[in-house]
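Right, I'll just put the structure down here and ask away after.
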Amino acid sequence: MNEMKLNVLICSGCDIGKKLDIEKLKGIAEREFKGEVSISSELCNSPELLRNVHGNVVIAACSPREKQANFSVENDSILERVNLREGIIWSHQSNEAMQSMAEDYLRMGINSVMRKSLATLIDEEISKDILVIGGGITGITAALEAAKANYNVFLVEKEGKLGGKVAEYGRILPVKSPYRDTVDASSFINERIARLKEDSRIKTFLSSSIGSISGQPGMFDVQIKSPSSEAIIRVGSIIVATGWKPYDASKIKKYKYGLNPDIITTLELEKLLKDGNSFANQKTFAFVLCAGQRDDQNLPYCSSVCCAASLKEALQIRERVRDSKVFIFYKDMRALGVYEEFYKKAQEDSGIFLAKADVDEISWNDGEPGMELKLNGGFLDFGTDIRVDKVVLATGMISSEFGMYNVKEEHPENGPLSYSHLNPYKLSDGATATSGEHILNLRYRQGPELPTLMDGFPDSHYVCFPYESRRTGIFAAGTARSPSNVATCEIDAKGAALKAIQTVELADRGLIIGPPKVGEEDHLTISLQRCTQCRRCTEECPFGAIDEDAKTFPLYNPLRCRDCGICMGACPVQAISFKQYSVDILHSMIKSIKIPEEDDKLRIVVFACENDAYPALDIASRERMKYSEEVRIIPVRCLGSVNSVLVADSLSEGIDGLLFLGCKYGSDYQCHFVRGSELESQRLKALKETLDNLALEPERLRIEQIELSDWSKVGNIIDGFVESVRKFGPNPFRGL
Amino acid sequence: MNTDVLVVGGGIAGITAAVEAAEIGYNVTLVEKNFYLGGRVVQFYKYFPKLCPPQCGLEILLRRAKNLRNLTIYTGAEVKNVSKGGSDYTAEITLSPRFVNDRCTSCGKCVEACDVSRENDFNFGMDTTKAIYLPHQYAFPNRYVIDQRNCKGVECSKCVEACAYGAIDLTEKGKNITIDARAVIISTGWKQYDAEKIHYLGFGKFKNVVTNLMMERIASPNGPFSGRIVRRSDGKEPKSVAFVQCAGSRDENNLKYCSQVCCLATIKQANYLKTLYPEIKIQIFYIDLRAYGIYEHFLKRLESDRSVEFIRGKVSKIDELGNDNLLVQAEDTLSGTKVGREVEFVVLATGMEPSSVASGIKGVSYDENGFVSDDGLFSCGVAHKVGDVSQSNQDAEAATLSAIQLLRNSGVRK
Amino acid sequence: MSTSNPVSRQRIEVDLNFVNEVTRRGGGDVKKCMQCSECSVVCPLSPSESPFPRKEMLWTQWGLKDKLMADPDIWMCHNCEDCSKECPRNAKPGSVLGALRSMVIETYSWPRAISRAFSKKAFLALFALVPVVLMIVFFLATGIRVPNGGPIYFSSLVPYNYLDTAGIIVGAYAILALLYGCFRYYRTLSKQKKGKMNAVIAAILTLKDVILHTWFSVCGSNRNRYYAHILIFYGFCVLLLATFTGALEIHVFGFSHALLGEPQNIIGNIGTVLILPGLLIAIINRTTSKVPKEDTYFDWFFLILLLLIVCTGFVMELLRLDGISLAYWTYMIHLILVFMLVAYFPYSKFAHLAYRFFALTYLTSIGRRPAV
């Protein structure tokens, strides 16, 4: 309990006063909690009532999603909103039931606010410097752009020179409107490298790699290994621009790569073109697009750039070799968006021939030049073979992070895949990646690299928040993040630079970095006295915010934390709590609920994810949709933050059932904290055994996956649950 | 009025840019032509490839926006002209009267009182609202608006009488303001290409031919049919649907470029149709299926459904049959036969045309297709380049950085 | 999503110059095609199975000359240009098919050297020179000079027996050369698929189609072209009739010279009245088409030649009636032009008459008709 004064402001407007007995509510706040109460018929339009109100402030009016600007409090105060309008009068009918609901909600709000304490800011020495790993086009652009905004940048490149893949190309795809003219790759990249070298804010480490990264945003300590030296630097955020590797063409059996020197990959062709090779006597070239791509046996995805890149290379061959013929066989011509113009340009070349056809077989006679291609489709009524001198395989791009760290959520049905963070990971053990050398070498409890999606791209909420990785303050960009062309890499690099800058600025103010709670300031504390070193919090944190210290106690990194509370839900001994969110607070709210004396009336708690389920309830009530009066809604930061002990306690204290409304999980998960709702569903499964022991029906617990747009269904889901619980009757522990 | 960054257009890209710049600490002004934020995406039912609702991401963005005191938002505000003078840009902005001020509690009493209706442009005219209306269920600001064209004005005043908070002022006049900004980000987004211009597809003539954006509204729980996907002609659930890809896109006679998202939008719509009506027959007519990058999985999943037929060939003719069904005609170029399929419902995958084509801002230069071409102003989202939501968001981050670089280098500290 | 396994495989030889040849003949936009098949669907003549012109566009892009030179479908097209108007890439399939048709004529017409030369603009002067030289030789050899004064009798310049002899020789050559070419073409076509119908019956049915313009009338959109073609077609037939009537008058009825009101003249005037507006519509159509035409020398040559023949014929008749001796010079020009029309029949667009007839006969015999 905090010691601050309790202020309760109740609004009677929007018919609240007509439907509810406001005086009775006032009485509860005054008598039971010694609060100072004021009532307004138009609270949102009465700013004077909120002036000079300090301490615990409970506003009982409309939904907390409304009128935030009118209902904000000073930094020395804590605000709690009690939802009388959307939560009660718009969504229910019976006056009597609504009154008891309002009384419960008011008590819940007051009990909650009194258990909260003011957030304390993290006051640490923060570095605002930015580390860029990878010196290709993305890394160079990110470094230049961050420096241009006056931030210091360290750039680490593993090769002895900058430029990455672009430096291996002759020309690159058009980068600006009207997207018809290719650009000389060398001058393009060299101009940027020259600018980089001149920029005093950028320090470049060539032939260097990352020895280790420890710490957290604003305080990353990075060990850089250079050939003759080792440096330790401190940076605030990290951009991973480590680029791509070509897919191993020899794995695509039917194209016989490696068996004939005239079967090459596009990357090899780029080098030939750059070196001015004139393809002695070779006149006919065939491009096999999607070679080993869109192919479940090889790369299941599309690399997005090969179609346009092949057109570019075909044009170069045509320029280089007189009377040459270039055949391009495609599945779908994916010259995306504005690159349609470039497609048109290539089509107009009289020596470039395009057809939608599969290349089924490549054959040749040893000692004879040329190859025979068996085509399938394309020319309608006759199967065709074609002779060519050279075959170019458009093999795909693999992220440099591919195979380093797979994440289960993206492919739950795919059987055993490495999910290494569930096994304690120690850097000193020299953990091996599935392929290649480690890049980041994070000294994180959950592993040394960015968790990747099914195709090996490090990513999470890629639609709304494209830069979010599961490692706060570390952003992947360019082809390491998704297959892209140069123009896209540049935009991506710039976007990542902005995120890196935002990270150091938020870290500097000690605020939460990354959506959905970005900019908030609540951090957790772990009671080590209670901790049993079970490691669940360190394993279940979706962002790897909790490491282990030498004695295997949890070690919290506040600036990696996103405030979801999943660790709080995980801890079996309830040792984890936030200043303004804890098991104790939630428990006090549940205890505020008056259990009805009549046997035919149920009391059911609904935990609703504050990001989706709670707004959905809001929208439903805006439409005046009704749901059962026997439920009490408690918004939670994430379903994953609901502790099993709390659930068990609620049941043993007489709550008849608990419904969990959270986000969709599985391969298309929508949980803002990646795994919260999934973890909660696992915990509930485990809890059902406990229920059996208590002789309580396991059906008294239910988890439902709903989306914000499911507001039209949410009422039915609630009512359905209430009715299913009614079958079992009231909780036998009532009143015990 | 002065601001550090002026963001023109409050769709997903504009909100992202504004929120990110403000979170870094700059004073930001966001100007939106509609009376609500969210632009196009708020009209969508689902995003691809996760089939998640756009309102989910918007909820987070708007929650962040509501908490930012250094972010000023104007809705119902249209930027008419941007000019550069010295190191500042000056934007001339026309504010349309909303007739409802911020005393509105969105209690809804006014709507009950109003007895005039209007065509609901949010649902592309497929239903109506009262003349005083909430733009949509997720509207931010959550405040009513009066449609000037339909409202009977002061003679009526029923809504004014119904409002207990004095929030309605029927005499409100529009006004012009100017805002001086150190940096400007144009994120005016896009409109769907006018499908009536593609005469052979019958849009506008046949009621059961709709655009993909209309389909999003039809499928939405807050759409014209409360989320039931039905035919416009008779309210019947369709048993067969044809999707027409590149409806006006990749077409010298219409939109020259590829809009990049229509293939994926169709796959998405086919997906949710299958979820709603598992028995439905779906045909997708395409030229090239452009499910780029990891979206390929999204396509693969649909391809594995045998009741979904992919036909490679552009639809070049749609005729209406007696029962309001439609005859969709194309050549299946893989087998070399003309196909004519009778379906109950047709969705045209129309492309994105930058808003500038219909209403450009004076002082901003556009390329031949209407995308902003760089001239010191920054742009992002579809105003800049066609792309999906993810790319528009990336672009917004990049544009925000450009703006910040400009501010930093002209000495504006946050 | 690929086609079923083909029964027999075929090696394709890609001819790099083929596209250049098509370009030279006005099909230069063929490379822009992206195989969307809008063209095949908007075309009302295109059949449901293996419709055209999408496949022809692909084959042309790839320079599959052999395939195209044995493709009867190009003659199903009556050039209404719906495909070119709607083509999203402006690849102008209509013009490409036109180019291909002219290439078929060039490829099969005998002798090849003449047909090849004829297709080139550069040789136009040479081909025009032939009748001029013949005429000069004729005048030198016979010693006939242009009469001065007196009523105008064209037979006094070129006696009928000379004219008829020349006409029969040139006409016979033209028809034999043309038929030889057409038979070669027909043989190539019919090797591909055996007809279900007797060729003679198919030919009779096709003749009916030609007379009624059945195929042409299926093109719904470009009605002007249909009318123009009907006028030119029947105008030409009537003029042809006039020519034979003239011969009949002289050789059978023994008229010594033409007078106004003779059947030949009446018929000729009727023909002129038909063909002239037809030609004018065709020319206006061509010049105002929404689909800008590339270099289509092949088409223009024929149109202008016809127009000039009709005009000179009409002018010389007026001059003759007025007794102006300029009529003789006009007559000479008229004869030169007629020579060009007849002698070059197998190589010019005029030959489409025969090639289309044979192709449509073949198509009819295999039961390939427009999907209507």
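Letters are used for the chains, namely A, B and C, taken in the order the chains are written, and counting of residues starts over at 1 for each.
The definition used in the following text is that a contact is a pair of C-beta atoms (placed from the backbone, for glycine too) under 8 Å apart; a residue touches a chain by one contact, two chains touch by 3 or more.
Note that this is a predicted model, so its numbers are computed, not measured.
Closest to the middle of the protein, by Cα centroid, lies chain B. Compared with chain A, the chain whose C-alpha mean position is the greatest distance off is C.
Chain geometry summary: the mean Cα position of chain A and that of chain B are 24 Å apart. Averaging C-alpha coordinates per chain places the centre of chain B 55 Å away from that of chain C. Computed from the mean C-alpha positions, the centre of chain A lies at a distance of 69 Å from the centre of chain C. Listed for chain A are residues 333, 356, 377, 380-381, each touching two or more other chains. Shared interface positions of chain B, i.e. residues touching 2 or more other chains, are given as 250, 312, 333-334, 336. Each of the following residues of chain C touches two or more other chains: 2-3, 34-35, 50, 55, 89. Residues 20, 23-25, 45-47, 49-53, 55-57, 59-61, 63-64, 66-68, 103, 105-107, 137-138, 142, 164-165, 220-221, 226-227, 250, 256-260, 288-297, 300, 312, 333-334, 336, 367-369, 371, 373, 385-391, 393-398, 400-402, 404-405, 408-409, 414 of chain B are the ones that touch chain A when the two sit in their complex. In the complex of the two chains, the chain A residues touching chain C come out as 284, 323, 325, 327, 333, 343-344, 347-351, 353-358, 374, 376-387.
Within the complex formed with chain B, the residues of chain C that make contact are 1-3, 34-38, 40-42, 46-51, 54-55, 86-90, 371.
Note for the complex: chain B touches chain C at residues 200, 246, 250-254, 287, 310, 312-317, 329-331, 333-338. Interface of chain A with chain B (complex): residues 13-15, 42, 44-45, 62, 65-69, 145, 148-150, 177-178, 294, 296, 300-304, 332-341, 356, 377, 380-381, 453-455, 457, 461-467, 482-483, 488, 491-492, 494-499, 501-502, 505-506, 515-516, 518-519, 611-612, 615, 619, 622-623, 664, 668-670, 672, 707-712.
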